[in-house]
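Take a look at the structures below.
After this come two complexes, each holding subunit A, first together with subunit B and then together with subunit C.
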Partner chain A sequence: MENILEVRDLHISFHTYAGEVKAVRGINFEVKKGETVGIVGESGCGKSVTAQSIMKLLPQPPTQYKQGSILFSGQDLLKKSEKEMQKIRGNDIGMIFQDPMTSLNPTMKTGRQITESLIKHQGMSAGEAHKQAIELLKMVGIPQPDKRANQYPHEFSGGMRQRAMIAIALACRPKLLIADEPTTALDVTIQAQILELMKELQAKTGTSIIIITHDLGVVADMCDRVVVMYAGEVAETGTVDQIFYQPQHPYTKGLLKSVPRLDMRRNEPLAPIIGTPPDLLHPPVGCPFFARCEYAMEVCRSHKPELEEMGGNHQAACWLHHPLASNRKEGFAQ
Partner chain B sequence: MLRYTLQRLGWALLTLWVVVTLTFSLMHLIPGNPFAKEGNMPPGVFENLMKYYNLDQPLYVQYWLYLKSLLALDFGPSLKSSTITVNDYISEGFPVSLHLGLQALLIGVTLGIILGVIAALYHNRFPDYLSMILAIIGISVPNFILATVFINYVAVEWGWLPAATWGTWKHTILPSLALAAMPMAFIARLMRSSMLEVLSQDYIKTAKAKGLARNVVIIRHTLRNAILPVVTVLGIITANLVTGSFVIEHIFGIPGMGEMFVKGIFNRDYPVILGSTVFYSAILIFLIFLVDVMYTWIDPRIKVAGGSK
Partner chain C sequence: MKLTLREAPAKKDKKQDTLLQVRNLKKYFHTSGGTVKAVSDVTFDIKVGETLGIVGESGCGKSTMGRTILRLYDATEGEVLFEDKNVHKASTRELKKLRRDMQMIFQDPYASLNPRMTIGEIIGEAIDLHKLASGAKRKARIQELLTLVGLKPEHINRFPHEFSGGQRQRIGIARALAVEPKFIVCDEPISALDVSIQAQVINLLSDLQDKMELTYLFIAHDLSMVKHISDRVAVMYLGKIAELSESEELYANPLHPYTEALLSAIPIPDPEVERKRQRIVLKGDVPSPMNPPSGCHFRTRCPYAMESCTKIDPVWQEVKPDHFVACHLYNKDIMGADVRKIR
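== the complex of A and B ==
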């Protein structure tokens, strides 16, 4: 199937007083039409930066797109002017943010916040757009949409606001929806509802979705493919089954192990990944996970592993898969 | 809304009563009396004067008499002139001060908001530094210095505008500018920090993600949310400006209220002091009420207590 989005060798840096923070360091991934791709990783691994860079929402300066390309429907977004990007944002690419409590304008009626992009991109009149906004509110499962459209965000609950955000993001039927931790700020039952809604709407509209999250449950529930990011790089990528059942990178394995299970014994300790991610002001020369990896070898300190094909389009960047490391790998495979 | 307004009115009257009582007590606590400056006045005349203005009565009687006349909106006679009452002073001085104050307010608020917005949009770049330098000058240079500089250059050296007195609109320009500097600077700083905060909010990102142009994001989504702190101080700034500034009015020779108030204190002219304090308080209380109503109009999350939508 055709790729709606291709990110190629993307490097993003922030220029700060302390120096250049290399937040994203050469990542590659693609999103196919109608597919859901999850980008996972812990805080500061560059997943949100990646998501926002697709929309070019990061202010430049201090952000600098150092190299690479973001091909959306074959066109490089990094080469587009701000004016051209404005035509794409909200129209071809929609975005949902983490905290619905703060991502709606508190002094503007909810309906009006939906109509804005309709008027801008679809050339609708205010009246048509208002009708369409009510339709959209109905579509995202908000009861009494005609009344709700005239209310302010503070009159909505958190789940309702996220539904309204989804209505805004999907107003112009975008080809790609970027959801930046869409359920992190919601309680669990609402999380499930929002994810259900997103799946349902995807089935209806055929839009592709990128979900940024650190919640592996969300990934298992929603995604076709997963990109595991660590320290601004892709550690491993593959289908959901490949990532969950045959993780090939110690970091992925650690992430999976750290998820608390329902069948855990009461006093069984949680299994965190010890340590902290590297400082991206001075990224390590070798494997960025070296310092925290229980399988680390001498080579990992000095040489950076490249993404290697594991079979079936499953890729991981780890020296354990090198033929010379075969005896080390035995311990890992268990 | 009506109930709320009545409630507020009740509180306003109570506040005014406290202001009157406090001012009354403080005024009489200061040693001396209004006629001490008159030089060697024959004792008989002095007694007659004291009697005429009820100053020979016990304080509580004077207080009671004053409250009674206040209820009739009568601020009493001036002790310095047998023919002019405090009401006359106010009705003569206030329109002048109001005119000057509103003009200064308009200049100060408009320029302040514009400077603040520019500073925020060009955060840490040249326009930001320039606006903030202007703001620092506005805050730290006293307005009497500004006024003298204006008079010296604009009026005397270049002869563009009249140097002083009150008459045509041209006379109002220099004092308005001198008065406007401080509120302008204050509002510019306030607006800048408020804008910066709003610009970092998530909903601004949402607005950008809709593909809205930068101007639309700023005008439609940022300004309204950023202006609330400015509105908060607007009541106090307005009350200060419209009731007149002694210094500016004195320098430009403007017959406003500020001059009357200060002279009243120097002369121990009790009714003038009380009258202008009560008048000032009433205006301040009214403006604060207006600000509260404006809040609810700007920010739908704020509702007036007991008010229904």
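== the complex of A and C ==
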């Protein structure tokens, strides 16, 4: 399958009064045509920054793209001017944000927010675009779409707003849809509706999806492949089965063990990961997970592990997989 | 089959003592737009030493209920009996005594700690109010509490902004424990925390429960976490309790269609399971509590809704031992011979 997006050695920093925050520190991943890739990690791990950098939504300064490239259909987005980016945003790449209330324009009718990109990118007339907008609202399951198109976002419920945002994101049939925590602000029953809708629409339009979330349940439900991020780096990446059933990085393993499951026995204690993530103003020299890792070795303190192939395109950045660490690895394999 | 050796005696003990009784509790808010019926007529008991979980979607009234039980809000109707004392009829002096027994842990660890007070002052405030200790004893007590919740005694002079979310939640727990309460309302104590930190706080809460014989009312919207920590679980929908049962039983045999849908909506962190699952996706949104539907509140989204659901309020009935549900599908008078076979 051809890659629609390739992120190569991306480094992003924010310049703040306190110093340079190295939010993303050399990440690599790709998204194939028609697949869903999940980016998971805790708050501050750089997952949202990565997503927003693909759309180049981060203001420069304070943001600085220090190094690397983001290849979308073979073209480097980091080399594009703002004008060129405007042709791509909303047209080739659509985005759904976490909070539907703050990301819709409160002073603009919902219908117009959809027609905006249709008129600009597809050159439709206002009338055509309005018809298409109603069609889109219908497609995302909003009842009475002709009436709803003339309403403002505050007249919508949370779930409906998220549906409207999906309609906007999909208006121009983008090749790539980036969903940044699309269901975090929603209740479970509404979350189920939205996830179902995203799957349906993907089957219809064949768009690739990047879904950013901290909810491992959502990942298991939606994704083909997973990128696990920690402290601005990729800790592990692989297919959803590889990540859930054969995690090769202690952080991934810890993450999976720290969530309760409905089929777990009661009173079985959870296995939390001790401590907190490192401060990215002063990122550690060695492995960023060193301080919290129960398998940490001396080498982890001073040397950063690279992403190594584990077989079947499953990669992890961990010294445990080095041949010299074989005795240490036994405890981990269990 | 479910009775393991460990649970049997504990269950017996709990049966005997009821710590808290909630009877027909109602809490309405009068706003310019009309009356919001946040909690409309809930009745249940909490037993000594148990954790009762409350789940439901936002706006279902679970937090309002928790706060009304503690009399942070005055009840519109109904009563709350804590060790047979009526919380909502207590005088100021009696209430102060009750406050020592009943504490709360809040959802937002950023908003619930005064940013201008040190950790020592925050925890010490409760000790001073109830005149529990002073001087060196007071300081020792605060440091002991900090150690108990997994912080360091030297943190006593620091300010809240110097701590992470998980640590702040620990401070909130220490503050609640300062007065040696018997009962704590935990209002979404982990919702604002990261996954790896959530487990730390949950384990701390269970350890403390064992050590100090605490009783919890645990409010959350994360059903798997609630199942993990609770002995019994109540499911709320639009101000009412739809179903209440022992937690294993509730998750294995949900009776109310809402519970069924809610359980099926949670994504399970296991791709194999997710691929095989048939999900019940509810249509539409939760109606406004200002104008709840007639009859059963859930009927507008219920896949099994019938004629009688629009007219008659479902009765709260014990369908199986210790398993309560409010749904016409289990009412013999309405369903006749069609009454749903109870699994």
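The criterion applied here is as follows: the second predicted complex is superposed on the first by the 327 of 334 C-alpha atoms of A that agree within 3 Å, B and C clash if a C-alpha of one lies under 4 Å from a C-alpha of the other, contacts with A are read in each partner's own complex, and residues count from 1 in each chain.
The rule is short, and it goes like this: contacts are C-beta pairs under 8 Å (C-beta built on N, C-alpha and C of every residue); 3 or more make two chains touch, one makes a residue touch a chain.
What you see is a predicted model, and the numbers here were worked out from it, not measured in a lab.
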| item | value |
| --- | --- |
| First, second, both or neither for A:Ser326, with subunit B first and subunit C second | neither |
| Touched partner set for A:Pro106, first subunit B, second subunit C, both or neither | first |
| Partner contacting more residues of subunit A (subunit B vs subunit C) | C |
| Partner chain in contact with A:Gln144 - subunit B first, subunit C second, else both or neither | neither |
| First (subunit B), second (subunit C), both or neither touched by A:His214 | second |
| Subunit B versus subunit C as contact partner of A:Val259, first or second or both or neither | second |
| Touched partner set for A:Met165, first subunit B, second subunit C, both or neither | first |
| Contacts of A:Lys87 with subunit B and subunit C, given as first, second, both or neither | first |
| Which of subunit B and subunit C A:Met55 touches, first, second, both or neither | first |
| Subunit C - residues contacting subunit A, complex | 6, 57-58, 164, 166, 194-200, 202-203, 206, 221, 223-225, 227-228, 247-248, 251, 261-274, 279, 281-282, 285-286 |
| Residue ranges of subunit A touching subunit B (in the complex, touch as defined) | 55, 57, 82, 85-91, 94-95, 97-99, 102-108, 113, 116-117, 120-121, 152, 154, 165, 168-169 |
| Subunit B to subunit A touching residues, read off their complex | 201-203, 205-214, 220-221, 224-225, 298-301 |
| Interface residues, subunit A side, partner subunit C - complex | 42-43, 157-160, 187-193, 195-196, 214-221, 240-241, 244-245, 254-256, 258-262, 264, 266-267, 269-274, 276 |
